[in-house]
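Listed next: structures, encoded as C-alpha cells.
You will see chain A twice below: alongside chain B first, and alongside chain C after that.
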Partner chain A sequence: MKTHENGSPWIISVFILVIFLGGWHLLTLRPSFHANGKTDEQLQMMEFNGDIVRAGAGGYIWNPEKMNGVPGPLAVVEKARTELSEAFVIKGTNDHGIAYLVLYTVSRFAGGFLAASVVAIIFGVLLGLNRVLFRAVNPFIQVLKPISPLAWMPLLLYTVKDPKWTAVLVVFMAAVWPTLATTAFGVSSLKKEYLHVAAILQLSWFKRLYRVILPGAAPTIVNGLRIAFGSALVAVVPAEMLLGELGVGYLSWIEWNNLDIAGVIFAILVVGVVGVILDSGFNKLASLVTYQE
Partner chain B sequence: MSEGERASKRTMTPNPKAVVQAASSEKYFECKVEQAVVSAVIQAAAPSRRRFLASMGAAALTAFVAEFLPLKEIAAFAADPVGKPEKTDLSIGFIPITCATPIIMAEPLGFYSKHGLNAKVKRAAGWAMVRDWSINKDVDAAHMLSPMPLAITLGVGSVPVPFYMPAVENINGQAITLHNKHKGVKTAADMKGFRFCVPFDYSMHNYLLRYFLAEGGVHPDKDVQIRVVPPPEMVANLKAGNVDGYLAPDPFNQRAVYENAGFIFKLSKEIWDKHPCCGFAISKDFATQYPNTFLALFRSIVDATHYASNPAHRKEIAEAIAPTNYLNQPVAVLEQVLTGTYADGLGAIKTDPSRIDFDPFPWHSMAIWIMTQMKRWGHLRGEVNYSAVAEQVYRAADCDRIAKELGYPTHQGVMAKHTIMGREFDATQPDAYVRSFKIHSMT
Partner chain C sequence: MSFLIADHVSKFFPGHAGGGDVCIFKDLTLKVDKGEFVTVIGHSGCGKSTLLNIIAGLETLSEGGVILNGREVSGPGLDRMVVFQNFALMPWMTVFENIALAVRSAYPDWEQAQVVAHVHKYIGLVGLKGAEDKRPIALSGGMKQRVGLARAFSIEPKVLLLDEPFAQIDALTRGVIQEELVQMWNATRNTVFMVTHDVDEAILLSDRIMLMTNGPSSRIAEIVEVTIPRPRSRDSVIEHPHYYKIRNHVIHFLVRHASHGAAVEESAPGGSSGPVPLVVRF
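Now for the complex of A and B:
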C-alpha cells in the first residue's frame, strides 16, 4: 500500500484555516443598510435605539458598534487587538487586563493540580503496596471518581466560606481521583521481579520507594496525571464563571453579560491558548520521567 | 442641599496643608478647646469664685478643670464629630444593574473618598453569590434586593444572620418585558401559560410580578412558570425564545429593546409607584464592630443616592457606570434607562423622568409589605412580628439622622401609605392584608 507521506501537513492546516475563516466571514457578512420603504419616523426610531447611525450626506449605515447575530472574524480580531493592547492594564477591581486573567487562571489551576497530584501519588502508592487496603478503599474511589468536580462546589463554598479557595479545591477535586486510581493500579501491578531484586539487595524502605517503585510505576502515574490534567482544565473555567473569580473563565462570563459575542469568542480562544501552553509544559515534564522498556 | 454639601465637605475633606501640619495643628486645636472649656467654667462660676479661679493662672486652672472634665476626649470629639473610621479599605459587592447606581458611582464619582473611605466595588454574578459573600464576610457591605436583608435576618433561604438595610437605593426602575411575539398581550389574563424569569426568589421583582398576575386572576404558582435566572442571562433567553418574558431590573429591559428581542410591556411604577427595589445592606456584626466606618459608609450612600436622584446628573452617571469595571453596558442603553426617555420596543419613544428614581429612606411599611408577600407565597411560615423585624432591619431613624446632618429632607414617621395597583396597603394591619388575598400559596 502506498501512503501519502510527501505533502507538508502545515500547508493543509493553513488551507483548512483559510477555508474556515473565509466561510465564517462570508456567513456573517451583513448587507449594507437601505432606507427604502422606511418612514422618517421609523428611521428616527432606529437611530434612537442605536441600530443605525448617520453617515455623511444624510444617509444611514448600520451602527458598527452594535453587533447583530454572530460577529465575523474581523470583529473578533478587532476585539483581540484592543484586549491585547491593554493586557497589563488594571482599570479597577472588576476589570483587569487579559495577562492578569491568564495569570490568575494558571496559578489557580497549578495550585489545585499540584496539590492533588502530590496527595494522589502518596495515597496511591500506599494503596498500591497494600492489596487488602486497596480492595477495601477501591469501592469508595469508584463512587467518588465519576462525580463532577463542579457538583462539589456548593458544598465546598459552604464549608470553606471563601470563593478563592473553593475554585482551587474544585480543580483539586477534578484532578485527585484519576491520579489516585492509576497510581494505585500502577504500583500494584509492578513487575514482581523488581520488588524481588530490591528485597535481595536489602534496600531500605525509602530507597525501595524512590529507586524501584516510583520509577517502575512512572509511566502509569504519568498517564493518570494526563487524565487528571484534562479534567482539571475542564473544571477551572466553569468554576471561575460560577464563583465570579477573576480569570479567563470569568472573562467569558462578563463578555456574555454584555452580550458581546466577539468578546466571548475571544475568551474561548484565550482558554484554548492557555490549554495548549499548559499542555505542552506538562508534556515536557512527562517526557522526563517516562522511559522505553 | 448645597449648604449640606458644603458642610460635609468642611468636615470630611481635610485641607491637604492641614494634614501635613496635623501634629502641630492638632495640638493647637486641643489648646483652643481647653481654653474654651476653662473660660466657660469661669463664666459659669459665681462672681466671687470667678475672681479666685482667675487668680490661679492658666496652666493650673486647666489642670484643675481637667480633674473633672475629660478635656482630651472633648477636644477629639470637637475636632472630628464623625469619628475616624476604624477600617477604611472596604470591599462592597454589587450586581451589574442600574438599581446599584449609587453604590457603584460612589466609587468613580468619589463619594466614598469624600467621606474618608477607600472602598472598591466588587461585581458578583448573581444574588446567591452576593448573599454568600456577605454572610461569609468576603465583602464588607453589599448591594442587595430589598427583601434579602429581611430574608437573611429571618433565616429564609439561608442561615439566619442579622442584617441591616440602612438605605434603599432605587425606587421604581424595573419593568415587565415580553418577547416580540407577544405584542398582542393586553392583560395578565392573556399571560396564562407563560414562562417568566425573575432575578431571585426573595426579590421585589418576584413579588411584584406575582402581585400583578394575581390581580389579573392568574395564579403565579399554577397558571404560569416563574424561574430564577441571573439578569444578564435573561436577554439571551428572551432572544432565543426560551422564555416569554420577565420582570427584571434595568438595563436588561432596555437591553431587550436595544437587541430588538422584546418590548417593555409595563414599567414597575405602573404597578406600585415609588416601590423600593434594591438596598444597601450590611451585617449587624460589621456595623457594631466598626461603628464609625459604618457611619461613614452610610453617609456616602445617602449622599450618593440623593445625588443620583437629581435628573441633571443622570447623563454623567450613565457614563460613569457604563465601563467594563462596573455595568459593562452600552452608554446608549443606560442613558435611556436613567433619563427616562426611551424606546419601548413597540415603535414609540416615551418620556417618563421617574422611570427610575433614587431615595434612600427605608420606610418600615415597605418592609412590612414585603413580609406580607413572603407569607402570601409561602416563603415565610408561622407568626411574624412585622414591625419589630422592620424596625430591626430597615434603619429608618438612622437614615433620617444622617439625611439631616447632610442637609437632605427628613420624614415625619416610618409608615407610609402605599397604593399598589389601586389597592391601599395599611401597614398597621399586615395579617388582615395577607388574609384579604384570594390567590395565594399559603398552606
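Now for the complex of A and C:
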C-alpha cells in the first residue's frame, strides 16, 4: 500500500534532468548544411560572411565558430570545461578565473549580509523592547522596506563614490529591513513569562539579553535572516552587472557583451550553485540556534 | 508582625475611552505568617492572579504596599519566586540549565561544582533524575511543572508564589504532584502564597484559605482556617471529618459568588478601611 512513498525521489530527479537536457539538446540541434538549390555565388557569399566553412571533400558545413540561436547543452558543457580549467587564471584586469569571481561575489555578499544582520539585530532588539520607540519608528521602516535595494544604487554610488563599497551597501540595503522588522517582532512577542523569570532572577541586562531575549527570539530572527539572505542574494547579481564589479553577476553580463550565450548560461548555473552552497551553510547555522516549543 | 503583608493594596486598570478606571480590588489587606501556606481561591477573573503578580513585583499596584519581613518590596526579586501556571521554562535550555540559571543567580559566589550538586539535589527531590539533559519539549506537563517547582525551591526564596500551578496538568498527575509538593513543603516549611480555583487542592495544601469575591472591586470576604492536622496526604485528608464541611463551605461560597458579588454586600460593614474578612474556623 505504501509503495508510493517508498519510491526514490532521486530517480525522478535524474529522470527530469535527462528529459530536460535531452529536450534542450534536440531543440537546439541544427540540421546539417545542405548546398542543394544554392548557386556557387550564394555559397561563396555565405562563406565570405563566415556562416559556412569548406569541409574536406569540397562540400560545406556550418561554421562551428559562429553561433546562431540558443546553444545546446554540449556547448555549455564545453564552455564550463574551459572556464573551470582556467578557474584560477588571471588573464587581465577584467578577466579573472571563475574561482576568483565566485570569491569576489561571496565576500561582497557576506560583507553586506553580515553587517546588515548585526545592525538589524541590534536595532531590532532595541525596538522590540521599547514599544513606544517601535511605534515611532515603524512607519519609516514600512516605507523603506519595500524599496528595491537597486533603487538606492545611484544615490549610494554618488555618496560613497566607490563601486566596490556601493555593491556591498546594496547588499546591505537588501538584507537590513527583513531582519530588522522580524527581530523587533520576535523580541516584542517574546512570551512575558520568560521576561518575568529573568526579572525575578535579577539577571543583569547583558545576561537577560543573551540568555533569555536573543535565544527566545532566535527562531523569529532566523526567519528574518532567511528572508534577508534571499533578497541579498538576489540583489548582489544585478548590482555587479550595473556597477561592472568583477563577480559571477558580472560574468553573466560580460558574456552577454561578448555574445557568448553559452557563457551566459554557464554564469547563471554558477549563480545557482553558489546560492545553494550559501543557503545550505546558512541552514546549518540556523539549526544551531532554533528550538522547539 | 506578619512575615508577608499586602497592605491596603488597590489596583485600577485604565478604563475604556471616556469611562473611569476599572477597579480590580480596593484596600485589600492580607497577612501571611512565616512558614504558613495560604491560598486564595476565587472565580476566574476575580483578580487573584493580579494580586499574586503584585506581590511578586511583576505588576505595579495603584495604592498600598507589599511588606516582606518588615521591609517594603517593590519590583521582582529572588526572595519571591513564582511557579507559573504555564511553567515558564526556557525551551532552549535543558532541565539542568533551567534550574542552574536560577541557582547561579541566587548564589553568584558559588563554585561550579557547588551549583551542579545543588541542581542535582533538587532534580532528585522532584524525581526527575535522568531527565537532566532533556529540553521542555520532551517533557509532559506534569514533568514540566516538577522542573518549575525544583527551580523555585532551589533558590530557597523567602516566599514561594504559586500561580495556579497545576491548572494545566491532567487530573491524575495533578494529585501526584500535589502530594509531592506537600512532602517538599513539609521538608522546607517555606512560606507559600498560592492562587487556585481547585477546592480540593486548597484544602490539601493550605493552613488558611482566603475566599475572594468576583470582580470588579473584588475583596477577600472570608478566611477559612484548615485545622486538619499535618502531615497530610490525599488519602488521609478526605477521611477527616472536617474535610467535607470545609469543602461544602467553600463551594457554597463560590456558587453564591458565581454571579456578581451582590450577595455579600449586606454582610459587609462599610468603612474607609475596607470590610474585614469573616474568619471561619473548622
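Basically, the second predicted complex is superposed on the first by the 290 of 293 C-alpha atoms of A that agree within 3 Å, B and C clash if a C-alpha of one lies under 4 Å from a C-alpha of the other, contacts with A are read in each partner's own complex, and residues count from 1 in each chain.
Rule of thumb we're sticking to: contacts are C-beta pairs under 8 Å (C-beta built on N, C-alpha and C of every residue); 3 or more make two chains touch, one makes a residue touch a chain.
Predicted, not measured: the structure shown is a model, and the values here were computed from it.
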Room on chain A for both chain B and chain C (clash or fit): fit
Touching partner for A:I227 - first (chain B), second (chain C), both, neither: neither
Contacts of A:P163 with chain B and chain C, given as first, second, both or neither: first
Touched partner set for A:A115, first chain B, second chain C, both or neither: neither
Contacts of A:L203 with chain B and chain C, given as first, second, both or neither: second
Which superposed partner A:L242 touches (first chain B, second chain C, both, neither): first
Superposition-derived comparison: chain B or chain C, residues of chain A touched: B
A:M45 touches, of chain B and chain C: first, second, both or neither? first
Where the C-alpha centre of chain A sits as vertex, the angle toward chain B and chain C in the overlay (nearest 10 degrees): 140
First (chain B), second (chain C), both or neither touched by A:L103: neither
Lowest C-alpha to C-alpha distance for chain C against chain B (Å): 50
On chain A, the residue positions that both chain B and chain C contact, one per complex: none
Interface residues, chain B side, partner chain A - complex: 91, 96, 107, 120-125, 129, 132-133, 136, 138, 232-233, 235-236, 255, 257-260, 323-326, 328-330, 332-333, 343, 347, 349
Chain B-touching residues of chain A, taken from the complex the two chains share: 42, 45, 48-51, 65-66, 91-95, 157, 161-163, 241-244, 253-254, 256-259
Parts of chain C lying in touch with chain A, wherever the complex brings them together: 56-58, 75-78, 80-82, 84, 86-88, 90-93, 101-102, 105-106, 135-137, 155
Chain A residues within the chain C interface of the complex: 191, 193-194, 196-197, 199-203, 211-212, 215-216, 218, 291-293
